[in-house]
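Structures follow.
Note that chain A is present in both complexes that follow, paired respectively with chain B and with chain C.
So, the complex of A and B:
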């Protein structure tokens, strides 16, 4: 677009163009750099959290459905992964597949109830199911889940892949993140993504075009729950234990904050938000005892000043800079 | 008869909005529904389109009873609805708006773009622009063009000239005239000059009833009579 203004690409365009072409390598390089700057352990946690944010953003950013209970799907994956290791097989790949399947199955069961709702109802019904899941993991199923104490999850070496080594987990988490980014980008750039954006704007209009929006929403919901479960399983692969905190509905606020900070509806926004939130929550407590207060201030700033998040703000700034030229090329009135 | 609405009652909660209303449209016919605000015109279109379901009576399309069908199923049958207020997907580009219609109708994007260009010749200039940036007239042409993708059999158009300047109204009228004979049109309209110019038949609505049906050319041109329903 800047070509029309200046005749040559702006620096922003050049950067964005480069990012788009080679972003997989750029993202990988940035996380490698981060692992050198902070620690491998924390970088793994950041990357897995980014997968969770991306899964969440498919519903929130692309389809416009805010969930207050997404920890349920993360926790389901976490427990499914750990329980598979405990009861079925020590093969981590099989456990990962079962965790993803558990997330998908839960989405398939709860979806028909949840996706029919919108707005506050969608947010709260997710919260209600999350609360139920939390109770089940903490109390009702405590003989299997370990209740408050949680349970360990160790997996055997498969071929040469040994997940007890942090380097292996780092590589696997990074590859997983890149794969999720690739899949979600393919998905959101397709007709399916267009439909999600259409539903976000006005579901009725999409229906009148002849689309079964319930089916579209179900597919999006199941993909989101499956990827959240995948993130949950990866967390356990990294920590080697699972507790009820992985399904605690109070922690749903983390992924919401991350989405808001980064900016909903974009891969880069999810990554910026995921890393940004984790940096705040990991390092700010070292300096401020009540660091959550800072998050509150950040939320106020986001609500009043940066509604589209950091990435959205950057894009909006760019558009504003282009506004004079855009006005010149604005579609003229048909006849007035 | 392509469309037959037979003695339907439609309710919003406990309030009866349409009462024993009947209406029909033949293949290729241009049928207008005129009436005051609140007469039940839009409710009638929404009922045909499947957004509202009749409490009693039946809506039949090409011999099939479609009463109670969901909107997406009705749309797949070849019934398209052009909303009041020029409701395009404002955050999608013009091209994406057409793309959604193309996939739904099972036609290629190029074919869909050509179809829209027949109605809205300047569309190629704005394909990558957000549809929200188009003027009212442009939006209406886009909506009508989009609705025509995939050769629908029945087009329901709600107040197509509402809020448009005279020049834009002329553009929209030309687009509607272009479709005459190709598709059956059921149009809700309050602009009587538009009605007189295009109508093959007029249903006058008042307080949820249809007290008059006009099909004689002299009656259709009798604007002073029609004005009594506005």
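So, the complex of A and C:
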């Protein structure tokens, strides 16, 4: 930033361009650094939460649909993972695949009902289904899920990969996060991503251009539910324990907050938001007793003053600083 | 049978009293107002304090609670809701949820997080057709019906009520007549908040007063508003009692499923008749 102010945007651009090109390594390095600063355990949780935020952001940031019950899809993955471990096989990779498939299946079943709606209705119908899922996990299926007490999930060693070691889980979670980032970036930078943003802006116009918006929304929804289920399964892989809190609809707001703090509609925003929210919720209670109040004030500020989130604010600032340069030569860069 | 019916009517009555404010806010301002749960909880807490500290009777304490939320709801309307007019629904949801978060934390700060039980203020029960029913529940049903009649009269007979109903239909047309619509919407908002506080007051003796009592009720009230039709005053009335009956009948067969059944009904309604928001 300071480089740009001193009138040498070319060097700044070069650095940013370089970092962008190898941003996967930068992200990996930053998370490694984080694991040194705070505990490895916490960092694993942060990374998995970031996957969840990314999955959520595909619907919220890109497609413009605010879901108020995304814990349902996370919880589905978590329970599918734990139940596979108990009933079918102790192979963690098979269980992960089954968890993702369960998320996709749920998206396929609920999608036709949910994606037709917009705005408040989309938020509330997700909430309704989440409440239903919470009830099923907590009460109706309690002989299998353990109800309020939850159930533990242990997996056996596959070759040399032993998920009872935290280092292994850390590496696996980091690789998963990078893979999800890569996949989502490919997806959102394609025509498909353009259609999603088109639907966010004006769905009728996208239809008018001859695209089947229902199919586009369905695919985005299923990808989001599958990735959420994947994140849920990873959480259980880390904790080796699942309780009904993983499907609690009241916790759905966490991911909305994270998405909003970072800034919706960008990979970096989701990462900043995921880590930022987790830092606030994990560490702030140690220093400020009234941390919920603090979070509320932060949210109000975000809504009224910094609507684009931390990352959006940085981008906007940078564009303003570069405005004279942009006038001379190149068109403004598309935010990622 | 009779007791199930009476329980359903009690729950329906309380749901109606709380939901009407939500329905008005949604109908007039297109805002999904999570802060409504805060006013409801606050009403119950002010009631507790008035009973314990001032030593007044239940009716007077309830009145104090209802009046006490007026400045709070004015503040919420002025500082948050008014700035969200005409904005995307998402931001309204998040901002009002933030208000709820701040308010609930403040309540925990002032009153503590431990649930406070209240005793039934009437304490007697009558026997109807061989079934013993607490008089307090019958009073709740009567109050809710009274409020329905009063609101019907307010919306069809008074000028303020008529302006609000007209604003529900077409805000711009009312504004073009030179009426400051926002002012009347603020009246509607305060009215809804007072009723929510009344709901909290009435429900407090049935459940224990705790900082999170608003969350669960709010979700059910959203279901009421959605089933009844957003901004429909009579629809809210019918939906509240219908869902109250759904809750009590389900609860009779399978207790834990009572709340969930409400959301099943709401899901079905949304499938059959998606909202245009």
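Quick notes on this one:
Methods note: the second predicted complex is superposed on the first by the 307 of 336 C-alpha atoms of A that agree within 3 Å, B and C clash if a C-alpha of one lies under 4 Å from a C-alpha of the other, contacts with A are read in each partner's own complex, and residues count from 1 in each chain.
Definition applied: a contact is a pair of C-beta atoms (placed from the backbone, for glycine too) under 8 Å apart; a residue touches a chain by one contact, two chains touch by 3 or more.
In this text the structure is predicted, and so the values were computed from the model without any measurement.
In the superposition on chain A, A:209 makes contact with chain B only, while chain C stays out of contact range.
Once the two complexes are overlaid on the shared chain, A:303 sits against chain C while remaining clear of chain B. Touch criterion not met for A:143: it reaches neither chain B nor chain C.
In the superposed model, A:128 makes contact with chain C only, not with chain B.
Measured by the number of chain A residues touched, the leading partner among chain B and chain C is C. In the superposition on chain A, A:120 makes contact with chain C only, not with chain B. Residue contacts after overlaying the shared chain place A:197 against chain B, while chain C stays out of touching range. No residue of chain A is contacted both by chain B in one complex and by chain C in the other.
Considering their complex, residues 60, 66, 68, 113, 116-121, 123-125, 127-129, 131-132, 134-135, 138-140, 249-250, 253, 256-257, 260, 290, 292-293, 295-297, 299-300, 302-304, 307 of chain A touch chain C.
Per the touch definition, chain C reaches chain A in the complex via residues 26, 32, 80, 83, 88-91, 93-95, 97-102, 104-106, 109, 215, 219, 222-223, 226, 256-257, 259-260, 263-264, 266-267, 270-271, 274-275, 277. Residues of chain A that touch chain B in their complex: 191, 194-195, 197-198, 200-202, 204-213, 330-336.
Residue ranges on chain B touching chain A, taken from their complex, read 49, 51, 70-72, 75-76, 80-81, 83, 87, 89-92, 96, 99-101, 103-105, 122, 125-126, 129, 133-135, 137-138, 141, 165, 167-168, 170-171.
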